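Remarks on the structure that follows.
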């Protein structure tokens, strides 16, 4: 295989796998946090506002790791420095 | 194998695997959140509205990681920059 | 192997594996949600309607990830852009 | 190996593996749902009808993912577009 | 290897593996359901009839996924379209 | 390797592996059901007959998946259509 | 490798692996059943006879899957149809 | 590699692996049964005799699967029909 | 493959995999911490401030390991010393 | 590789792996049994003698599977029939 | 591949994998410690200072293993003795 | 590779792996036993002597499996019969 | 590949993997110990000093296994006897 | 590869992997023992001395398996009989 095939193939594989693997843990972590938030609201309805606010901050923190992966995936698809150099 | 085969084969593999792997965690996370929501409603029926609203926001956050994967999968099938360059 | 074999073989493999792997988590998630719904009804029979309604919305959200996989699988079998280009 | 062998071999492998892997999660999910339904009936016999009805709707939803896999398996065995094109 | 060996070997492998893998989850799921049924009868002997009836319906649903696998296994051994075409 | 070696080797491998893998889940499932039956008898001795009867029906259902595997294993050893055709 | 080596090697491998893998689940299942039986006797000493009888029936059922594997293993070592045909 | 090497190597590998793998589950199962027996004696000292007797019967049943593996291992080392035929 | 392909391919693979694997544990750990924070607030609303402050310090500590991985990933994509030397 | 290398290499590998793998389960099982014995003594100090006696019988049974593996390992190192025949 | 490619490729792979794998356990361990700290504060608010101080010491100890990995990763990227010798 | 390399390489690999793998289970089992001993002493301080004595006997039994592995490892490094014969 | 490449490549791989794998268990074990320490302080504030002292001794013991790995890693990078001999 | 490369490479790999794998279980086991010791002190502060003494004996026993691995690792790096013979 020549360089174009190798770099292209690798970029596709990694672009997909990065977001696929990278979405596993955030989804599980968010599911856990949301589930606990619902249990907490049922237990202490008067604190629903505080719970919601803390939940959203937490979800944003967790989402950030998924977004790191999405950014790398997009860079590999549309702003790939290795591909640009080889096909340039 | 020539470049067309390699890039085509890789795109198909990754398009399928990205959405397949990427759907595991969201489905599990949503299942957990929904299950807890049902338990919370049974425990505190008066807060059903608050619980439902928080649940839907949470499901949307979790769904977002599945959608990232679906987007990458569709890009690989129908707007693949590597394929376009090679077959262009 | 020539391109036709490679692309055809890959499409078959991924069409099957995408739906096979993609159906694992939704089925487990739905099983969890349904089991909890039954437990909630047994615990709070008066809220059976609210529980059922929330359950069905949740099942639909979870089913959506299985459907993403089924869509990709069908595209690979019957509307495969790579196969069309090579055998066109 | 020539194309006929490759496509045939792949179709057999995937037809079997799709239904084999695809039947794991639905069977486990259904087992969980049925087990919980029995526990709920034992706990709240008066709601046996509501529980049964919800159980059957849930089992049907879970079964649907197994059926997606069975459909793909049957398509690969008896209506395989790649095989038809190559042996046509 | 020629086509006859390849197709034959593959059919044997998949016929066995499909039923072997496909029998894992139904057996586990049924074991869980039966175990819970026994616990429920011990807890609520008066509902033994309702529990038995629900159990049998559930076992039949779970058994269905094992039967899908057995059907595919038998098709591959005795009504294999690929084998028939090649050895025809 | 010639066809006889390939088909023979494959048949031996799959005959053994099918029953080996296929016996895992039934044995675990039956162990779980038997264990629960013993616990139920200890808890509710007056219902020992009902529990035993339900247990035996359940064990037979679970055993059925092991028997599917044993049947396929015996077919591969003593009534193998592929072996018969090649050595016929 | 010639046919004799291949068939002989495969028979040895599978004869050993079948009983090795096939003994995992029965041993675990029996361990679970015995452990529960001991717990039940400690909890309800008056029912020791009923518990023992049910235990032995259950152990026999579980042992049966180990015996299926042992039978296949012995057939491969001492009554192997493929070996007999090739060395006949 | 010639036949002698292949058959000899395979026999050694399987003789060791059969007993190694085959000893995992019995040891775990016996550990569980012994642990439960100790707990039962502590809970119900008056039934120590019944518990011990049931324990020893159970240990013998579980040990039997380890012994099947040991028998196959010894056959492969000292009464190996394939080795005898080739080196005979 | 020449050096450019090898180094380029490796850099892409590792850039993606580092952030993908490296995001698993932080997301899970943060999910656990957030879930516990919500439970603690529901249990002790008066300490919501202390809990939030400790939570945010903890999240920052956990996020730091994800950031180590992101830094390495960015270095490999945009400041790769091996790539610079080879393509320089 | 010639026969001496193959048989020697295989014997070393299996001699080590048999005892390495074969020591996993007995150590875990014994750890479980010892832990439970300590808990039982703490709970029922008057039965320390009965508990110790049952514990030692159980440890001996569990140790037996480790000893099977050690025996096979020593046979392969110092009384290896295959090695003797080839180097004889 | 020549030495430059091999050493370069290996350094990249290991630099990334070391920090990726090495960040898994610290993140999980820190998540566990933080979660428990929050639970302890909710349970014993008066000891918040002692708990925080112990938590921070513990987090630093856990972080140290992540830092060992980061150090090795940086050495491989920017102070690699093997690379320096070969490209020197 | 010649015989010396093969036998030497294999001996090194197995000498290390035997003790590495063989130390996993004893360490875990001992950790469990020690943890339970500490819990038992806290629960029943008057029996500290009996508990310690039983603990040390149990630790010695568990350590024995690690020592089997260490013995095999030392034999392979310093009294290796295969190495002696080949380099003799 | 020549010796320099092989030894260099191997040293890099093992230097990184040793510390990466070797940091998993200490981080988890320390996380567990710290979490329990926090729970113990919350439960028994008066013993905070004894608990802290025992915790720090325990953390040092656990850290020691991580340090063994770090030492081996540094030896391989900067005092590698094999590399010195080959490049000497 | 010549003998020097093979033996050197193998020694490096196993020296690192032995201590890396061999440190997993001791660290986990020690973490468990330390955690339980802290819980026991919190529960029974008067027995802190007995608990500490038993803990340290237990930690030493567990550490011993890590030290076996470290010894083998050092032997392979600095007193390797195979390396000495080949490079002697």
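As written, the chains take the letters A, B, C, D, E, F, G, H, I, J, K, L, M and N, and residue 1 is the first residue of each chain.
Assume a residue touches a chain if its C-beta (ideal position, glycine included) is under 8 Å from a C-beta of that chain, and two chains touch if they have at least 3 such contacts.
Just so it is clear, the model here is predicted, and its values are computed rather than measured.
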- Give me the chains shared as neighbours by chain G and chain J. H
- Item | Minimal step count in the chain contact network, chain E to chain K | 6
- Task: Enumerate, in label order, the chains that touch chain I and chain M alike.
- Result: K
- Task: Please state whether the interface between chain B and chain C is built from the same residues or different ones, using more than half shared residue numbers as the mark of same.
- Result: different
- Note on the structure: Cα centroid separation, chain D vs chain J, in Å, comes to 43
- Task: Starting from the mean Cα coordinates of chain F and chain L, work out the distance between those two points in Å.
- Result: 37
- Query: Taking each chain's centre as its mean C-alpha position, how far apart are chain G and chain I in Å?
  - Reply: 48
- Message: Taking the mean of the C-alpha atoms as each chain's centre, how many Å separate chain G from chain H?
- Response: 11
- Got the chain C residues that touch at least 2 other chains? 1-2, 11, 13, 15, 17, 19, 21, 24-26, 28, 30-33, 35-37, 39, 41, 43, 55, 59, 66, 73
- Task: Could you classify the connectivity of these chains, where an edge means two chains touch, as line, ring, star, complete or other?
- Result: ring
- Quick one: ring order starting at chain J, direction chain L? J, L, N, M, K, I, A, B, C, D, E, F, G, H
- Contacting residues of chain N [partner chain M, same complex]: 1-2, 4-5, 8-9, 11-13, 15-17, 19-21, 23-28, 30-39, 41-43, 45, 48, 52, 55-56, 59, 63, 66, 70, 73, 77-78, 83, 87
- Note on the structure: As the complex stands, chain N meets chain L at residues 1-3, 6-7, 10-11, 13-15, 17-19, 21-22, 24-26, 28-33, 35-37, 39-41, 43-44, 46-47, 50-51, 54-55, 57-59, 61-62, 64-66, 68-69, 72-73, 75-76, 80-82, 85-86
